[in-house]
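What follows is chain A paired twice: with chain B in the first complex and chain C in the second.
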Partner chain A sequence: MLETGLILRALARNKIGALLIALQIALTMTIMVNAIFMIQDRQQQMQRDSGLDEANTFYLTNTVFGQDYNIQAHLQTDLHMIRNTPGVIDAIQINAVPLSSSGWSMALQHEPGEDKDAVGSAIYMVDEHAINSMGLELIAGINFTQEDIELRKDGQSTWPAKTIITKAFAENLYPDDWQSAVGKTVYISQTQPMQIIGIVKALQAPWNGWNGVERSMLVPFHRESKGSYYFIRTEEGRRDALMPIIEKALAESDKERIIRRVTTVEDTRKRSYRQHNATNKTLTTVVITLTLITGFGIVGLAIFSINRRTKQIGTRRALGATKRQIMSYFMMENFIISAIGNVIGCIGAVGLNMWLVSTFNLSPISFELITFGVVALFIVGQLAVLYPARKAAMIAPATATRTI
Partner chain B sequence: MFSYYLRLAWISIVRHWGLSLLMVCAIGLGIGAAMTTVTVNYLMSANPIPEKSEQLYYVQLDSWDVNDPFDDGLNPPDQLTFTDSSNLMRAQKAFRQNVQAQAFGVIEPEDPEMLPLIVNGRANSADFFTMFNVPFIYGSGWSNQSDESKEFVVVLSKETNDKLFGGEDSVGKSIKLEGNMFRVVGVVDTWQPKPRFYDITTGAFNESEDIFVPFHLIADEKISRSGNTNCWKPTGDGFKAFLASECIWTQFWVELKTEQEKEDYLQFLNAYVEEQKQFGRFQRPVDNRLSNVMEWLEVQEVVADDAQMMMAMSFMFLIVCLLNTVGLLLAKFLGKAPEIGLRQALGASKATLFSQYIIESACIGILGGILGLLLAYLGLKGVEGLYGDYMQGLASLDTNMAILAVGLALISTILAGLYPTWRACNIQPAQQLKSQ
Partner chain C sequence: MLVMKNINKIFQTADIQTHALRDFCLQVNEGDFVSVTGPSGSGKTTFLNIAGLLETYTDGEFLLDGEDVGKLNDNGRSRMRNQKIGFIFQGFNLIPDLNLYDNVDVPLRYRGFNAKERKRRIEENLERVGLASRMKHLPSQLSGGQQQRVAIARALATDPRFLLADEPTGNLDSEMAKGVLTLLEEINQQGTTIIMVTHDAELAQRAKRTIQVKDGRVSELEIVSPQMNQAIA
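Entry: the complex of A and B
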């Protein structure tokens, strides 16, 4: 380790140059680690299970404008028609679509009364075909039956007696044992009792930015409303072919309404997470260009410092240093600078993260990520200095004698 | 002398073209990234109505649950109940006032061949158009008298007018909306405030409406409302009960011309809430607020967190690029030590050397700035493509931004060049000449 002392003394004579690289590495580390952290955070959010059979489902809006229109009768014929179309597995009327960012929410509470704690949940008004139509998985209790379905008028304030909730919601209501939720009575709208008859594995609320996005409940309602969605599930691979067929059939069956926005759930997911996706792509670009700039900066500075020291290197070679020793000298030099940069970088990364946590409600960074950042930057540094170091090793010992 | 230094700088840049390219690229990337995010932030936080943003106030009253404050008690509710906005409207205490909500409806065109049209609308009062300086191609908004006598009037957007009437002057003509006949009183010219400050409850950058109708039509159930609805107390059955409920879904704006008028209005609001307390409403402490346009956008955090975070990141990115440039310039100038020594020995003063090397840094800065501008343009195109509608129209470079980009590049590169230049000027000529 004779080299190390030598390198440190040499670095001390050119403090500023070394410090510049170290600072650059430190800032790169700070940005890189936090950017990757933000990317991971978003990716985790995007990977959450919506609970739906996303590949085979789509929906459309049905807006009635005719006067004296028998909504209930038309609903029955529409659903009958869609369910009997070859290739369709099942279909329902629904008031909102998961991930679509618009919907309804209500709060449930353990006891009736005005000042009791309540937990918010998304509301999906559906019939007994919901589990099949959405591709949900019933993991406890039972489904609704046809007798459970009530007709809801616009502005109605009473709720049905039964509900099916998601597992996440059950865990929130009964933290000790979510399965015990089945059969329990909870209160909606402060005082109205509702019995939990079933639990589905997952079903997301329409708002992906909400911290309660995993909490939803199915309520057995058919809505007598001028605007609603039909949500349809098809057999594997037949969705795209069936979309125009069903749209046309509905539109032509009745001229007093408008069928619009025939959309797949996959598109809705893309739209819903578009901003996340975009931010992630931008951040990835930032990380890559930043690393490249730092890498090239190291290359440039190393070449210059080697050019300046050509004579010394030649002299060392003439005095018996091997090519390998010359190379390892520059690799070691870079290693020491990187180490300084990484130490400052770790502090910077944690500092920036603390600022992000306090300003934007992000969660604290993980230790693994910082380790990754350190290792990555050491590798980048060593790779960047490889070419200049090889060039240095090629300097002929004769240069030493030639110019003196 | 200047042009001579310029020529020297050019020769030096070309001679070390690899290094120069590296520096120009680094500065270009840094400036490009910084300008992209600055532009997005700048446009997001732009004042959508600079001529009167100080006179328009958004009204908030804390009508929420006494046990469970709205927004954890940080802010009063972001909308008003129908009861309160109707009462405030009736009081007419401000210079101008507007109650509004989102609405939608179906237009059935006269031509049976044409498909019915679903339109996004705004239900508002007569003052809306004058308060928010809405530009008209034909006609104007409706009058306060129309509101009072509950007339069926409608203002169309340019787009809707194009669809229904082929762009002709349609004032006085009628359209069938939700089964009722409405008289067209005006056609709005292209109008898309960014952010759409007058209603940001469902997104600050939404498109402006297809039609505008009087607010009273909602209560009379002639048009359906949409937008956000928040309730904390159960409502009774039916629409009448909903209107009388504590659900918030209306927005209320007032125009107040002086600070005194603002004080007076706030006092009026406080008195109103005290009065309502007697009916058992407003059980929370009095917290009424009047926010002008920019304050309101600030409170509602219109500038997305993402955009701010990106801006912070991109400035750090720029600093990395500048550190890079400092290092490379240092290496470059010190590499010229023998030349500098020689020039000093021949009589060049420190001042001349200084200006020569600063000019060289500045040249690199300008080149980097131009590259940065190009990259910012591409970056904004990319942002627009990636984010879609959300960023539509928010990603464009104007002259201000272009000047800022080149200026920023120039200044930061000169700053980056200061230390290397200073070092270069302090080279000992004797030492350099000795070793040659």
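Entry: the complex of A and C
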């Protein structure tokens, strides 16, 4: 028969040790649940779809240093050469790369005027090959045509008349019906009209920590700039082989520019989330360490408690307790302490989460995660007390008659 | 009935072998009050531990109520201790964190009685030892004699056939010792068999039979207490 009532009353008269372990469990629960929550949050961020065909895309920087260099002519030559390289699906010039942490942003508004509300967005200057080159999915409207592409000089403040935006951006601009965005006129730079001609499923901004990371727009520009990116998409599995080939071809075709930083989008993603990964590893280490410390704390307290109660355990055995009943006693005692710790821990976890939510704009912790924390700590507690409980069960009943 | 035939108990460590009991033979009949005396190290406590199933023996034959104890496993011995044997220890061995009610409750829970039955037995036995009014007290709030009475109540609560007492008055002053001994005599008169280990000769004489243990053997048998003879006469 379980001795729950007796254990509770005995614990009530020996509060300190049990309370310390319960508080340790509570603290572990509070930190563990919130750390896992933060890990999950970062994990979800890292798993967001960039919209790109990441496995088959790479980019490089093209920096011109020659005087009287005909950028426009060289751009056409370069793109023609790259696009016609066997294994290349398509290529574009672009002003920024998603997830690269460096890019441009503008804002669109429904009505012209300085005092009108505007929604911020990343802006990518591309041509009609962008959707194919980046592996985007056009889910409404149409693509740019060659005639739409304008030449943009450095410092130019006017914008083309057309744009393609992401679905997330469309949902933000037209919450009731995102598809209705197609054909609508919006305003850039407060007063310049721009017609939305298409919507792509996804295309992330260069900044993964920005809360508008899913809002991006494409504008039909070729940049007449001395520094730009070429963004290239290859056939499945040919990217790594084509990267040095294209780099070499570009470098040899023109000695008045430097080709640098040939990088896959996958590497860019890794770099972009390096801090997330490091934080997650740190948090994981904290969770494991805390859990182990709690486990060892339980083992320590249980062994101390058993050593202190050796004669008492011998007496219980003498009074008829089986080894199993002695084990059950200590397992139940730990279960009760864990339950107290978990209740306090749940309150602490929710409290800390409320603070995190209000301070860092995180989403609230899930019930499932709290349940997971409770179950995990119960299991840790029971596993930790298993060895001391077995040790207690092995105490001989004859201990009861020993005078020392 | 308790029957021991040629019981040997050898404690073996890496270097030393100690023969604690040698061909120990004893029969205790139902209703007996046997005192076991002997000098320190004679084997009294080893005998009590084996008789109370607290310890196993090396060889020999031990029948308790007709059951061969040597054939019982650890669970079987625990069950038999709980059902047939009550213990009274020199140091009382009460659980300090539990009040008197809960202390008496401990063996009853191992027996599996329901709450109502446990309550009845606890109250009845605390009443029997004169401590019913103090059942919510902790052991530390009682005198030594009262604590030993609680231990007796705990031992009796399961209605044991045998009551084994290990120096039951060893930690008590003479007045308290008399009170405890009187209580044990009453319990014996009500039919419970008592085996009491003591090295107090005066105390031993209060038993119906006294046996002396020396060097692990029963050296004197069937010394019938003169007081008992008088009482019987």
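Note that the second predicted complex is superposed on the first by the 392 of 404 C-alpha atoms of A that agree within 3 Å, B and C clash if a C-alpha of one lies under 4 Å from a C-alpha of the other, contacts with A are read in each partner's own complex, and residues count from 1 in each chain.
The definition used in the following text is that a contact is a pair of C-beta atoms (placed from the backbone, for glycine too) under 8 Å apart; a residue touches a chain by one contact, two chains touch by 3 or more.
Keep in mind that what you see is a predicted model, and the values were worked out from it rather than measured.
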#### Entry: Fit-or-clash call for chain B and chain C when the two complexes are aligned on chain A
fit
### Query
What is the C-alpha-centre angle with chain A at the apex and chain B, chain C at the ends, nearest 10 degrees?
90
### Query
Taking the superposition as given, does A:Leu386 touch the first partner, chain B, the second, chain C, both, or neither?
neither
### Query
In the superposed arrangement, does A:Gln275 touch chain B (first), chain C (second), both or neither?
first
### Query
After lining up the shared chain so the two structures overlap, which partner does A:Val343 touch, if you call chain B first and chain C second: first, second, both or neither?
neither
### Message
Which partner chains sit in contact with A:Gln325 here, chain B, chain C, both or neither? Use first/second/both/neither.
### Response
second
### Task
Once the structures are superposed on A, label A:Ser157 by its partner contacts, choosing first (chain B), second (chain C), both or neither.
first
### Message
For A:Leu23 in the superposed arrangement: first (chain B), second (chain C), both or neither?
### Response
first
### Residue contacts with chain A in the superposition, chain B compared against chain C
B
### Query
Is A:Arg317 contacted by the first partner chain B, the second partner chain C, both or neither?
second
### Which of chain B and chain C A:Ala396 touches, first, second, both or neither
second
### Task
With the two complexes superposed on chain A, say which partner A:Arg13 touches: chain B (first), chain C (second), both, or neither.
second
### Task
Please work out how little space separates the C-alpha atoms of chain B and chain C at their nearest point after superposition, in whole Å.
8
### Message
Which stretch or stretches of chain A touch chain C in the complex?
### Response
1, 3, 5-6, 9-10, 13-14, 311-312, 315-325, 396-398, 400-401, 403
### Query
In their complex, what parts of chain A are in touch with chain B?
16-17, 20-21, 23-24, 27-28, 30-31, 34-35, 38, 63, 65, 67, 114-115, 154-158, 189-191, 226-227, 258, 260, 271, 274-275, 277-279, 281-283, 286, 289-290, 293-294, 296-297, 300-301, 304-305, 307-308, 352, 356, 359-360
#### Entry: Residues of chain C defined as touching chain A within the complex
45, 48-49, 52-55, 74-75, 78-79, 81-83, 87, 89-91, 93, 95-99, 102, 105-107, 109-112, 138, 154, 158, 166
### Query
Which bits of chain B are touching chain A when the two form their complex?
18-19, 22, 25-26, 29, 33, 67, 106, 108, 115-116, 118, 178-179, 224, 233-239, 241-242, 304-306, 308-310, 313-314, 316-317, 319-321, 323-324, 326-328, 330-332, 334-335, 382-383, 386-388, 390, 419, 423
